[in-house]
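For reference, the structure I am asking about is given below.
A, B and C label the chains in the order they appear, each numbered from 1.
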Amino acid sequence: MATNAESGDELQFRDPEKAEQLTEKLETLMDEIGEPVNVMHVCGSHEQAIAKFGLRSILPDDLTVRMGPGCPVCVTNMPEVDEAVALAEDGAVVATYGDMFRVPGTEKSLADARDEGADVRVVYSASEAAEIAEEEPDREVVFFATGFETTAAPTAAVLASDPPENFSVLSAHKYVPPAMEIVAEMPDTDVDGFLAAGHAAVITGYGLFEDFVSEYDTPVVVGGFEPIDILFALTQLLEFIRDDEAGLANAYQRCVTEEGNVPAKDAMWDVFETTSGEWRGIAEIPDANLVLSDDYAHFDARQRFDIDVDPGAADPLTEECICGDIMAGKADPDECELFGEECTPQDPVGACMVSSEGTCKIWLEYGGQPDL
Amino acid sequence: MCLGIPGEIVEIDGQEARAEFWDVEKTVRIDVVDEEVEVGDHILNHAGFAIRKIPEEEVEETMEIYESFLEGDEDEALEEIGAGEGEQLGIEGR
Amino acid sequence: MSDTDDVGDEATGVSNDETTGGDVDDEATGDGYTDDEVITHAHGAGGSQMAELVDSVAVSRFADAEADVGLAALDDGSVQPIDDDHSVVVTTDSHVVTPLFFRGGDIGRLAVSGTVNDLAMMGATEPLALTSSLIIEAGTPKATVEAVTESMREACEEAGATVTTGDTKVMGSGEIDTLAINTTGVGIVPRGKHVPDAGLSVGDKLIVSGTVGDHGISLLSEREGFDFGGDLASDVQPVNDLVAAAMDAGEVTAMKDPTRGGLATVLNEMASKADVGIDVEERAVPVSGPVSSAGEVLGIEPFDVACEGVVVMAVASEDAEAVLDALRDTPKGEDAAIVGEVVDDHTGQVVLDTGFGRRYLTPPEGEQLPRIC
């Protein structure tokens, strides 16, 4: 993409020649394995990278890389969006990442609320939200904090650096490991290996996957996001699968270490604690949501305001949503009763339809899996 | 989860740094980067925060790992990136 | 500012009855439309909802008069014959942009360039006349209006055009946001020599006249307050001279300017209107360093955002090199490049060769926003 940009070191990770060589390795490994392989990744950015570079068109035919329940935007459920919308409609300035701006709640998205006059602002960084609070001391400024650990760390940093009194956080942050566990725990799950999210692992370290691989007897490779990084990580995963080894490997060494980013983790666990919650289209997941700890209750929008939305309220359609099965590879989108009817990109029920790279969205757009 | 972009620090002012991302510059916060950074260091930027200081030599080492893998030293490459052998560092949090 | 400690029922009103197209409140607004059918931002975003609106509001109402290119074609302008030898091209646009003055240009330059370029996209490279209607919010400094119209004059001079008639309205403070401009352009083409956006055929080559994504990325950065330093700026400019040079050098079969929705949108429109497929080589598309870098940081693709000084043209393959040379010989066309070709495959779709693999280049939905995920 950076046709004219001098990307220095990073261009090495976009070298088409290396990509071709790595793809050949993948073919060889698939031959050695001798049967179809299903790899799952749990990161919206991995899916963006795979789609953007057209990687699926060069992967061996029998190697399927599927997106699991790992896009924090997609799995933020409707009542959480409703909370943000409610606060905006009641007069607070609600700051949100661009990713969440158009994601519908039960009734509307933050974008819709803005169309109707609410003061919703798209920010690139949590620090910008705090800056808005500084600049407008007479308004309540709520930061709709979404994203996984990678993004929770910046939120924590902002909260820990003395934000103004009129600032608060509505936390819809999610925690990665349960996403993988949910799929690994499904009976008849057909995932042969996980490509773990590299940037979340920058924060948490890869060490926390050690228990996972032994408990679920499934290999995990932590991967980066450049084409070469992804292809290389896949080769490592295939090697584990070929050798029938529930191994753990870090294929993103320049950014990920075993213990991760200690200052960021410290900040994160000082500010947040886990709690159970519902993910869009997937039933309740234990310890997968991050909420503000008692020490930071003062900045917790849920405690400061009386938000008249039940965050636990399940959308009745959720019961018919089969996103969980789709992500686990047990069903195809057209097997879902809601597909293309009650569940469309404008009106998504489950995560698979929310994301631009979601399986259901792509199927609806192309009338099936596009064949390239 | 996320979009992480590598950049080079060109200026530091307290908890804020100016970083160069190819042909543009942007301000990033350095509150939660894993190590002290100085001008000239490379960082990984996510949502306006540096979340990792990318050691210069790591980029080269990564390329070397990829090279050696492609040349057939697969075991060595795997060993380079393998985990679970040897010491287990104390994992904090959770 | 209201007391936010008490978020009342009215604000939330979450109820299971209010699904899309729901019938909670059937109270007609007097035109036979229900309360929930309102125009939203999505209707102006250029995607499917806008297409539906345009169809239901305009196209279905105005049967085509005798025209070579009429309303139903939804091309950059309309083309109607005057006599055996001539056709008149008409185009119109309304401009609302924030901020009014931005790096590289302003609303005035945008208005003139947009209309001059739309005429050029139809093959009318020598504008006969432009109109200019201003709707101004009371309280706007007169100097602002002067600066805008002066910029329009400069752009007209650059394009060889002139404003021959117009209108001025003032609305109350708060009733409109500072300034809106509508411009209409009129041009003449030899009968039958107009260039439709659907005229491409298999074998044609696709040429882009300059770097893409400049306007969109630059405006977004400015509006959102991203201080990227240096060189980001809108590319807004009239390009009728570029188009004239291209048409002189060879057979241009189709043209569009990639404004809202960017390169991805116009390529898809051209492919689906002409019922052909398009293959594009990603690395051949010119993108400037700053735009590419800013796009990486924000997570926005330069192909998905507006250009205001670029032409995408389909050219008969035997003329492609000559047209390319002609473009590169002009100052505004020095970055021109052949980026792809029209194929007899994946009809209506655009496929991008990324250098690694292939993928569909789909039109973006709505305004592009920075992402973190």
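To be clear about the criterion, a contact is a pair of C-beta atoms (placed from the backbone, for glycine too) under 8 Å apart; a residue touches a chain by one contact, two chains touch by 3 or more.
Keep in mind it's a predicted model, so treat the numbers as computed, not measured.
A count of C-beta contacts for the chain pairs B-C and A-C puts A-C on top.
Of all the chains shown, the one with its CA centroid nearest the global CA centroid is A.
As a whole-number value, the distance joining the C-alpha centres of chain A and chain B reads 20 Å. Per-chain Cα centroids separate chain B from chain C by 40 Å. With centres defined as mean CA coordinates, chain C is found 33 Å away from chain A. Listed for chain C are residues 226, 288-289, 292-293, 296, 299, 371-373, each touching two or more other chains. Residue numbers of chain B whose C-beta contacts span two or more other chains: 1-3, 22-23, 46-47. Each of residues 2, 5-6, 44-45, 48, 71-72, 97, 124, 147, 151 in chain A touches at least two other chains.
Residues 1-6, 14, 16, 19, 44-45, 48, 51-58, 71-73, 79, 82, 85-87, 89-92, 97-99, 101-102, 106-107, 111-112, 114-115, 122, 124, 138-140, 147, 151, 227, 304-309, 313, 316, 342, 345-347, 356, 365-366, 370, 372 of chain A are the ones that touch chain C when the two sit in their complex.
Listed in rising order, the residues of chain B touching chain A in the complex are 1-4, 6, 15, 22-23, 29, 31-34, 44, 46-49, 51-52, 54-55, 58-59, 61-63, 65-66, 69-70, 74, 77-78, 80-84, 88-94.
Remark: chain B residues 1-3, 5, 21-27, 45-47 touch chain C in the complex. Taken together, the chain C residues at the contact with chain A in this complex read 1-2, 4-9, 11-14, 16, 18-20, 40-41, 211, 224, 226, 282-283, 285-289, 292-293, 295-296, 298-299, 301-302, 351-360, 362, 365-366, 369-373.
Across the interface of their complex, chain B is touched by residues 226-232, 288-290, 292-294, 296-297, 299, 371-373 of chain C.
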